[in-house]
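Going by the order they are written in, the chains are A, B, C, D and E; count residues from 1 in each one.
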Amino acid sequence: MNFGVVFLLTFLIVCAASVAMTKNLLAAVLIQMGYSTIMSVIWLVLESPDLAITEAAVGAGVTGILFFVTLRRIGLIGGKGGRKK
Amino acid sequence: MGSNLFFNYFEATAVIVFGIGFTILFLDRNLIKKVIGFNFMDSAIFLFLASNGYISGRVSPIFEDGVTAAEHYINPVPAGLVLTGIVVSVSVTAFLLALVVRLYLRYHTLEMDEIVALSRKEADE
Amino acid sequence: MMTNRFLILVPILFPLLCGLAVAFAPALQAGSRRRPFVLFSLGGTFLSTICVLLLLRGHSLHLCDLAPSIELRFAVDEITCFFAGLGSFMWLMSGIFSMEYMQHETNHTRFYAFFLMGEASMLGVTLSANYPTLYLCFEWMTLLTLPLVFHIQSEESIQAGIKYLLYSFAGAFAGLMGIPFLAKYGTTLNFVHGGVLDPLLTEGHEGLLLAVAFAAILGFGAKTGLFPLHAWLPAAHPVAPAPASALLSGVVTKAGVIAILRVIYYLFGAQFLAGTWVQTALLTISLLTVFMGSSMAFRENIFKKRLAYSTVSQVSYILFGIFLMNDTALEGSLLHVLCHSLAKGGIFLCAGTIIYKTDKTDVRQLRGIGKEMPVVLWCFTLCSLALVGIPPMSGFMSKWYLALGSLENGFPVISWLGPVILLISAILTAGYLLPITIHGFFPGADFDYSTLVKKDPTLWILVPLLILTTLAAFTLFPQPFMALVENTTEAIIGGMLS
Amino acid sequence: MNLVQNFPFFCIMLYLAGGVTCCVLTPKASRAVCIGLNLLVTALMAAALAFTVRSGESYVYLMGHFPAPWGNEIRIGPLETLMGTAFPLVMTLTLLGGMDHIFEDVEEDKINLYFTVVNLLMVSMLALVLTNDIFTGYVFVEINTIASCALVMLKYKSGKALVATTRYLIMSLLGSGLFLIGIIILYNITGHLLMEPMREKIHELYLSGNYAFPLTVTVGLFAVGLSLKSALWPFSAWLPDAHASATAASSGILSGLVIKSYMILLLKIFYRVLGMEVVLSTGVLNVLFVFGIGAMLFGSLHALQERDIKRMLAYSSVAQAGYIFAGFGLGTAEGVLAGCIQILVHAVTKPMLFSAAGGFMTVSGGSRQFSDLHGAGRRDILSGIAFTVGALSMIGIPLFAGFATKLVLTRASLATAGWKCVAALSAIVLSTVLNALYYIPAVALLFDKREAVHISGVKAQPSAVYVLSLTVFMALNFFVGLRSSLLTCILEAGLNVFS
Amino acid sequence: MKQPSRNVARFVNWVEGEEVFPVPEEAERNQKPRKKKAPVKAKPASPEKEKRIFALVYDGISVVVCLTVILTLLVTVSWLPRFGGQDNPAENEVYIRYLEGELEEAGAINAVAGMILDYRAFDTLGESNVLFIAVCSVIILLRADRNRKTGALNIPELENRRALQPDDSIFRGSAALLVPIGILFGIYVILNGHLSAGGGFSGGAIIGASLILYANACGPEKFERAFTFRTYQWISFFALMTYTLLKTYSFYTGANHLESHIPLGTPGAILSSGLILPLNICVGLVVACTMYAFYSLFSKGGFGNGQ
């Protein structure tokens, strides 16, 4: 029950709860990417490097990009000065 | 109530995040929030699965210089399953986001019940 | 011997193929060629049925099996002889009648196609030798006679058709529920003289089986217009063309009677049902229907609707006889089957002719009709006398036997209440049929004879009418019919109760 | 290990290869590849069916060099091969039936993707029916989910299809999420993923009594997850939109085949993984039975109010799914047999109804409302006949396919005790009457003389392919109706060796 | 057929959740899913107030659903075997053979890669098809559809990606540095899939991400002149086709107990562990192109000028 792991796990729960609460979509996407990075650290704690690389590359990397491109396409961020939803 | 709740703190966290993700996906009315909820739900499930395979005091199953004794490494099966799961969840997220883009381009809103109301009023083409 | 067992299927397949030929063969589309072909096929069916009944009595044929222990089996036994002969004869008579009558109607191909196929399914009902085949032919008879009901395709006829279909499906499906129960508690699903229930199995389950029997009888009763499911009959008959409504009330209701006969005497067994609450309930329901049918007919002014209500009450006479479950009552009900088919068929054909010639559908408009169509109204009068039960006509004999059977039966109330209600309903029948004759022949002083023009129909209509009327008077020379009825009753109920 | 035993494996691999090739071909070529592939697979699976029925017991086919608890495997028995033959056959007929709709509704350069999706849907259904490993089941459940959602949304510029797809996808993802967490708990307490070794472990746990609560929760998770995906009544809010707004061929495939593969997977999990005594001890079958009865009633009740022909058919699919789950819920072998027969009967009847509905739409100016469909049966006589045959089979008239289900289900419910028998019988009678109440007026309306003024006189010129598919469908319907005893004994043999 | 009365329809609609503000039946987690209580209909003082009340009730219900799911699963977790324990049920003969028999049978140093690409290869085959079907669906949805009448591709409003702020030299400079490293690292991860951690998926994702970075920094024109939509389709076709054929061969030989003549090579060398390397390369290629395809489909509905 070392402290570091407990801190990481509580971070995950805080991330999930905060996304449930927030209304701002950009914040939600950022929280999700943070969540994914911490998750790849947890995979390392659980002794499975395969998952760490995959989670980092595929989780934060590609999913994050997809979210940002979607938000741009919806006009929420960047592009033609999207209206704040 | 079983006795292992405080020992299985990995699985407990996974279950809590799963509950939150499940509810966001199911009941939240914003489409982007739903997709994020789905991501939380899936990665929580994989945390639950991978934590089953972990054996304390053992190393990840990449053999160092020919030592193949089973007591030295952790269980590789959950790691393999999670690898498959992560790619599945990425594909589904991409599909969901594509749907969100198309829905927004047509109905200019992200709230699910507004979209359902608008589509009901639409003439049946 | 193998080949002639398949001959049993001839009465079913022959009209079916002719019906399909009429529907699809291009050569028969022309009216001139179609009418002889239809006549030929009706006559052919009648003759083939008679041959099959005489030659193949007692043979049975296992066609195929629908589900593991559910098989299609046809056989010729005493009920088949009685009803198949009557049914195909009535179909022939109304077929001849329709030659003339159909000028009045449109799209004949569809009418004749389903007319012939309907006969096939009716013969299927008579020939079926086990419960699933009976159910199958029953359902298909509903389907094939449906287009005859909404032939004129007016909004009202379609609603009536749908009502007919729903009532028949609900009823037939209540009948279907009997199959699994009998498969479980009975030895076999085939019709066995005296019932198939295995006494060991039905130890503690009498109540359940009685309820199933009651549901099945009420279900099949839908076709005969028995009380709970009778509402479709007054709706369907007026809209159907005359030959079709003659068959609907004359023969299709008898299919319901066959099914009930099979359920009572060949599946559950008369001893099992005799003396139970099921019998008392059925008797009261049939008496209720008899009384209700004739009183409703008394108040109804549309000609064909009045005749439809009269069918409801007359067929319940037959059911009353069957539910009494003793041989005299059964004899009476079989006699009434004969009388009602012939007489009611004749009456409907007369009504059809009147409507065909003068387009008067309301009873009150029929003043002085006797002057315009003397022959038709004479036939109508004789047939209604048969229905009322006046001595020279057949109705008297069947009602006599029914009353005797009811008195013989030791039921506390029903044994004397039955004849009383039969008498009251006979008076009511006279009340709603005879005024038509009276007004027809004696229109009263102020009727101007100047505008009168003779409208007697052609031979196509007169011949069947006359044949039916003479047959309806079979009490004058009862010997052949009584012999037929007696040995049928003997075969059905013999050696069981008495 | 003679050659015939490899056929199911070849079918899966053929579909995978076919799926990949279709996406690079032209629309016409990919259609040819897809239809040819389906026919070839039907033939192969029919040969495998003949082999398994003759040999009478199911054999295991290793996917790789390693036996049971280590490598993947698929298990092939009479039941699986019968479903494996029926699914591609019905798929081919539905595709042929809705072909001109596909080329009209889907955009020009995305038609080959349609056939790619169809091929991958077939591989996932075959794999679900055949697989002997739960996690492979999960992976192919995911392929099935995405492919069926892709089928729904393939309508050109149709907003409704998009909304229906989203709701369908979200509910399906919930279902597969619950299903996955069920698998993980099972893996955690048994240590196996293959079905047979897991069964022994669960049997030991059941006897020894430890991990009892997780076992019960897993049974609940599987039941809720998979009934969510196979549109059992309380979770079927997504089905009417999804199946109504898709093209004719897709809605036929979805109603007829896709929801069935999940039911077979649930059956397999109850029979082969958990074992019947564990499932019976948790009482989840009673819950499924009650939901099945609810589906039969509420599904038909909803179809009664529907004024749109495809939504009516979709709601009637919900009711028919209720039949299957009522059959499974009875808990006896005969009940499961009734469920399996209903799977086949519905797979044969519903796609025909949807193709005929598609035919009516082309003839009445593309509208789905009953007010415009007056007399459509007279304008397109073949679809009219096909729709009537389908409707009568749904009501359960003898000589048609529906009668077999009613018979076996009534007999099965009779065999069970007390309240289940009464509930099942009354539900069957009530839902039959409700079925008649909405199918017969629909058929009467389709053959109505008074046609809507702006459509009357439009005579249909159905393509040869459409005529062929509907006639073969009707023949198939009659065959199942008449020879249902043949199907029953194959299914019985299959169920005996199923666990 | 006259319509059944209105309130029956509304009751059934409510049960079915067809109301305009649909509160669909939630898939309760335990096996006896209770009916959810109906959202309490307050006295509609004003639509605004009713909306707020409805939102409150809706959130209340979602909290209730969330708690029930979490509590049920927490109780289940409390019964499960202890975390990291030695003799958990999962540590049985399956796990021992995967580790000890792995070198002889699959020949991969990385036991996880050996397990997913050899012992349980059917899952991984299915899973790469999940990615393929997802790409097909995204293409169906987002690819610029041809305008029915004119036949021209109606490309979504393409503001010029390249028109970044004038001072994007920092971005372009760092991208020029990062992209080659990323691609090299990705290739390393793919090739060493069976020797060290990583494998087809992670390597492909890394290459995909760096391609996207490159397309953003230096503009997609030069790159997409070679990498058009057709080439993407043919790449994924060849890669998946070889994957399926290799696996068909190995399954067929396995099932019929034939000896598959694929050399396992000396463990530790690059060209070792039989089929795992070519499979990793195929998967890596597909995943890389797919990630780039996702990006370009989302941002501009197709490659280059959208065809």
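Here is the rule we go by: a residue touches a chain if its C-beta (ideal position, glycine included) is under 8 Å from a C-beta of that chain, and two chains touch if they have at least 3 such contacts.
Note that this is a predicted model, so its numbers are computed, not measured.
The chains in contact with chain A and with chain E alike are B. The chains other than chain D, grouped by which ones touch each other, come out as A, B, E | C. When you average the Cα atoms of each chain and compare centres, the chain farthest from chain A turns out to be C. Of all chains, C has its CA centroid at the greatest distance from the CA centroid of chain E. For the interfaces B-E and A-B, the C-beta contact count is higher for B-E. The chain closest to the protein's centre is D, with centres computed as averages of CA atoms.
Averaged Cα coordinates give chain A a centre that lies 12 Å from the centre of chain B. Inter-chain centre distance (chain A to chain D, centres taken as mean C-alpha positions): 38 Å. Rounded to a whole number, the gap between the C-alpha centres of chain D and chain E is 26 angstrom. The mean-CA centres of chain B and chain D are about 28 angstrom from one another, to the nearest whole unit. Within chain C, residues 162 each touch two or more of the remaining chains. Each of the following residues of chain A touches two or more other chains: 48-50, 54, 58, 62, 66, 70, 73.
For chain D, residues touching at least two other chains, in rising order: 135, 139, 142, 146, 149, 153, 157, 174, 181, 187-188, 193, 213, 437, 441.
Interfaces, counted as pairs of touching chains, are A-B, A-E, B-D, B-E, C-D, D-E.
Listing the residues of chain E that touch chain A in their complex gives 110, 112-113, 156, 159, 189, 196-199, 201-202, 205-206, 208-209, 212, 291, 294-295, 298-299. Interface of chain B with chain D (complex): residues 2, 18, 22, 25-26, 31, 34, 38, 41-42, 45, 48-49, 52, 77-78, 81, 84-85, 88, 91-92, 95-96, 99, 102-103, 106-107, 112, 115-116, 118-119, 122, 124-125. Those residues of chain B that touch chain A in the complex are listed here as 6, 9-10, 13, 16-17, 20-21, 23-24, 28, 30, 32-33, 35-37, 39-40, 43-44, 46-47, 50-51, 53-54, 58-60, 62, 74, 78-79, 82-83, 86-87, 90, 93-94, 97, 100-101, 104-105, 110. Against chain E, in their complex, chain A makes its touches with residues 48-50, 52-54, 56-58, 61-62, 65-66, 69-70, 72-73, 79-80.
On the chain A side of its complex with chain B, the touching residues are 1, 5-6, 9-10, 12-13, 15-17, 19-20, 25, 28-29, 32, 35-36, 39, 42-43, 46-51, 54-55, 58-59, 62-63, 66-67, 70-71, 73-74, 85.
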